[in-house]
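Input: structures, listed below.
In the two complexes below, subunit A is the common chain; its partner is subunit B in one and subunit C in the other.
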Partner chain A sequence: MSAYLLNLAELGTIFALLSLSLNVLIGYGGIFSVAHAVFFGVGAYAGAQIALHLAPDVLLAALGGGLAAGVLSFALALPALRVRGEYFVVASLGLQMVATTVFTEAQGITGGYGGLVGIPPPSLFGLDISSPRLFLSVCIAILLAVMAGVHALMRGSFGRSLMAVRDSESAAEAFGKIVPILKTLAVVLGCIIAGAAGGLFALQMSFVNVESFTLDQSVLIMAMVIIGGVGTLLGPLLGTALLLLLPAALSFLPGIPPTELGAVQQGIYGLAMTLLMIFRPGGIAGRAEGRR
Partner chain B sequence: MSPILSVRGLAKHFGGVAAVQGVDLDLPAGLITALVGPNGAGKTTLFNLITGAVEADTGRVMLAGTELARRTPARMARLGVARSFQDLRLFQSMSVQANVLTAIEPHAWFWQPGGRRAHARRLQATEMALAETGLSALADALAAELAYAERKFLSLARILATGAQIWLLDEPASGLDPASRARFSALLRKHAGQGVAICLVEHNLDIVSALADRIVFLDQGRKLAEGEPQAILRDPALAAIYFGERRA
Partner chain C sequence: MLVLQLLASGLQTGALYALTAAGFALIFGATRLFHFAHGATYALAGYAFVLADHAGLPWPIGCLIALAVAVAFGLFTDIAIYRPIQRHSASFFTVFVAAFGVVIFIQSALEITFGRSFIAVSSALTHASQILPGLYLAQVFWVAIAVTVLVFGALGWFLSRSNSGIALRALAENTELLRAYGLSARRFSALAFALGSALVVPGAVLGAATTGLSPVVASHVMLVSLAASVVGGIGSLRGAAFGGFLLGIAENLVVAVLDTQWSEAAGFVVLFAFILLRPSGLFGTAVAR
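Coming up: the complex of A and B.
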């Protein structure tokens, strides 16, 4: 595999974790957050700081990133989830905008606009795993473990409770579900995974800055989930692969000037999401007929 | 017989609308009480007040003699008060089996307590509820794909499985065909026979007179009458209100 493809595969694995984690919120919890990149970012900064000051251990970065994002999401979820669905989207948009500013301004922690540079190459329990193949293998192992865990939770009573709340909050309550706790758990779980993905991202890139954690990124992650198929195991992976490969594929297409690539890409995402919502609201991996 | 659920002086205003005005209600174990009244009489609101889905202005609710001051739907469910909804509110995107199973998994943590043994018991309760409501063959179908009568029975299966001793059913039989209606009535009779206190809202007076042990007549948020079905249904004043307002 060429270095380019390995790099793409590493990113793909990390973004698969991200979309998988957002799917817990959107697909199972019916909680639409456009601030997922914030938790990805918090995890990335935490992972970067751990790598810079403690050790560039993959697991340490992932756990530290997950912990930081989990704690922040817990603090934010309790008040935020009190508002109704439509307003939650707005609240999360607000959070995303505040966070982008904080990421840019908090020089001491985030390195400001320049970001954190010189993150040492990744290791695992003291062993050097800076070779792309090794790092990719570790990332894939983490992805598979997380997928298995999330799948088990979503197939079990927790997933059923979340889906029940999504389908009818009042009926779920009438059967004893404590809605705020369920939603908070879903948000915190999703954000821990996003933070862990951030920790891996910091090591993969060896530098991080605010540009990776903006609203654009949140929208991209959401597009991956929705295009792939909400509430399914493989949908987010499919969406991730499609949306990561799209820019690469486009750059091989003749006739598109490189300066226009970004615009063409945005246009294609937008069109794809609109068409999907009309013809296949469950996403590519979802059921053919839309949910009622 | 002493009532298992008693309501005293429940009241609720929505702006200028007095939806429920000082209603008393007793639901004794083993009896089927029909809540009857014209549209907008406050029947659904009364259920909402009892379960805490809507906060009452005033009034008290007692369960087996204990007053329940701060009611929430989740807490009432845990205390064995189950309710259905006029518009069913099934878990549309879930299977029939999952609809019932999740109704008896109230724990909010990542898993339910009790391990495999408790899970096996819940699966069995689910199977029994589906069998009793005639939905076993449809266990894997999505709730959204069910036919009308099947949806009504699924709404009932969720309640059955909980083992709740008090059922508040909001128009559970409306629109059922005669065969389904007979099945439905038999089911309610059976569980009342086993001691469940049932309160059902029903517009069809044939069903009410065939099924109910007692009628509570509600109009404009007030309880106008209460008693044996034959006595209530023969009262010309009540009939005038009931049919008059229903035609209007």
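Coming up: the complex of A and C.
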């Protein structure tokens, strides 16, 4: 039981990192990406390859994953600079669909449907941290560091300029903000954090395959941010906790066959997204009367 | 001959995409709402038709049931979801998330009720026969093309000749002016939803008879109609129809050079290129950034 809880806590920390990173795009940048699982996946594959061929070092995997995702994030920054709103959502949907196919087909790097197996247990600077408690502590430390970093950035000049762009692009431009650079930085920052989360995910699971990086996953991450509350520091964490505990809670409920659990869970968060948008668009942690 | 065969099936797929995308474009044009739940309408209409068929009802009744389900669901999303949201927020994102939630909910509801596998209606129309050496066509091909031409003809007539159709186009161009003439913008946006949702029925019925339906079809159709309308130019009916054909043909033709796994991705590569290079689409006006 405690092993199960530790495992859940590790996953929770990784997904908290992930929803935090998407919040940089959606909440602060106003860039509504539905392709976040792509960068999570790129980071996970990079982290897995580093662990398999170099060393299973946690920081190395996180940095490598972040770097790979950061480089690729220009594929998302480009449409973000060209178009806004619904057009960008459609572009990111397209990116997600193409990436899923590439993940499945590029078997040399990703292992296709079979995935990458046998990722060695994690270490840190040569020390073995494969015990769940140690690994969890490292993940929590990384999460706290990233949270502090994002918080500081968003309170500072960069964050305020970014939010100005989100609220009115032309007004921000009139105040001399360089909109393209701000948007690109937001996308790159969010994707680097997602990639780092991917690197940790690879070491945590010791197995990665394409099923973790599909449109469904992107939607789940988006649901975490939205249900928790966009543009807040704690909202994404709250959303992550709720949506990760949901399957666990459902499995204790009688009357739901285990094969239907996934569908029931999806149905619930689909419904939650719709109802929240009607009654409380700011999310649970957001302001009650807030717009976005 | 392979290319010809692929072109033919591309035309057939494209015809159904074109109708569905035209429904999406009609709704967007009149109401400026990005109706993501359009794919859910398609799935519900298709499943309604399959259920009616399995219950032993003749196919015209099945089509009528599918039509009723599609129109009812379209109106429901307009009245129960979009309108309450628009009362407090005009943000595109709020509407998008709510509609996306609806798609996810309907998809999982269908999955729980009918299972994840494909279900289909068997029909004599789908038996293929050889037309030219190496070119096999089923009657359903001609049905799809004929229905598409007929529906587009009727739609074109409705939008350019009838009073309600002209009012719909006026709603797209200038809501205030429409109100000034004493017409109710709300009533005409409901009409747009009913009509746009009705346009999924041919695609859903023929889709059930050819490739079959699975719950995932809700999000697939959502993506396709989005992609087709962006490629064609958002809000333009002609563009959406053209985009639908283009995507259907691209999806099928790519099989001639690459594996079938790439066929869906091919459509989205086209889409991505359009957004980067020509976001206003083929027939659209310039997009405000």
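As a working rule, the second predicted complex is superposed on the first by the 286 of 292 C-alpha atoms of A that agree within 3 Å, B and C clash if a C-alpha of one lies under 4 Å from a C-alpha of the other, contacts with A are read in each partner's own complex, and residues count from 1 in each chain.
In this text, a contact is a pair of C-beta atoms (placed from the backbone, for glycine too) under 8 Å apart; a residue touches a chain by one contact, two chains touch by 3 or more.
Quick caveat: nothing in here was measured; it's all calculated off a predicted structure.
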Practice task
Based on the superposed arrangement, let me know which partner A:S251 touches: subunit B (first), subunit C (second), both, or neither?
Solution key: neither
Handout entry: Comparing the two partners subunit B and subunit C, which touches a greater set of residues in subunit A
Key = C
Problem - Which superposed partner A:F158 touches (first subunit B, second subunit C, both, neither) - result: first
Exercise for the section: Check whether A:L185 is in contact with subunit B, with subunit C, with both or with neither, and answer first, second, both or neither. Expected result: first
Practice task
Quick one: classify A:G176 as touching subunit B (first), subunit C (second), both or neither.
Solution key: first
Exercise for the section: Name the contact category of A:L78: first (subunit B only), second (subunit C only), both, or neither. Expected result: second
Practice task
Determine where on subunit A the residues touched by subunit B overlap those touched by subunit C, and list them.
Solution key: 291-292
Practice task
Report the residues of subunit A in contact with subunit B in the complex, numbered from low to high.
Solution key: 153, 156-158, 160-161, 163-164, 166-168, 170-179, 181-182, 185, 231, 291-292
Practice task
Quick one: which bits of subunit A touch subunit C in the complex? Just the residue numbers, please.
Solution key: 26, 32, 78-79, 82-87, 89-91, 93-95, 97-98, 101-102, 104-105, 169, 215, 219, 222, 226, 260, 263-267, 269-275, 277-278, 281, 291-292
Exercise for the section: Write out the stretch or stretches of subunit B touching subunit A in their complex. Expected result: 51, 53, 72-74, 77-78, 82-83, 85, 89-94, 98-99, 101-112, 144, 158, 162
Exercise for the section: Give every residue of subunit C touching subunit A within the complex, in rising order. Expected result: 34, 81, 84-85, 88-89, 91-109, 111-112, 219, 223, 226-227, 230, 234, 259, 261-262, 264-265, 268-269, 271-272, 275-276, 279, 287, 289
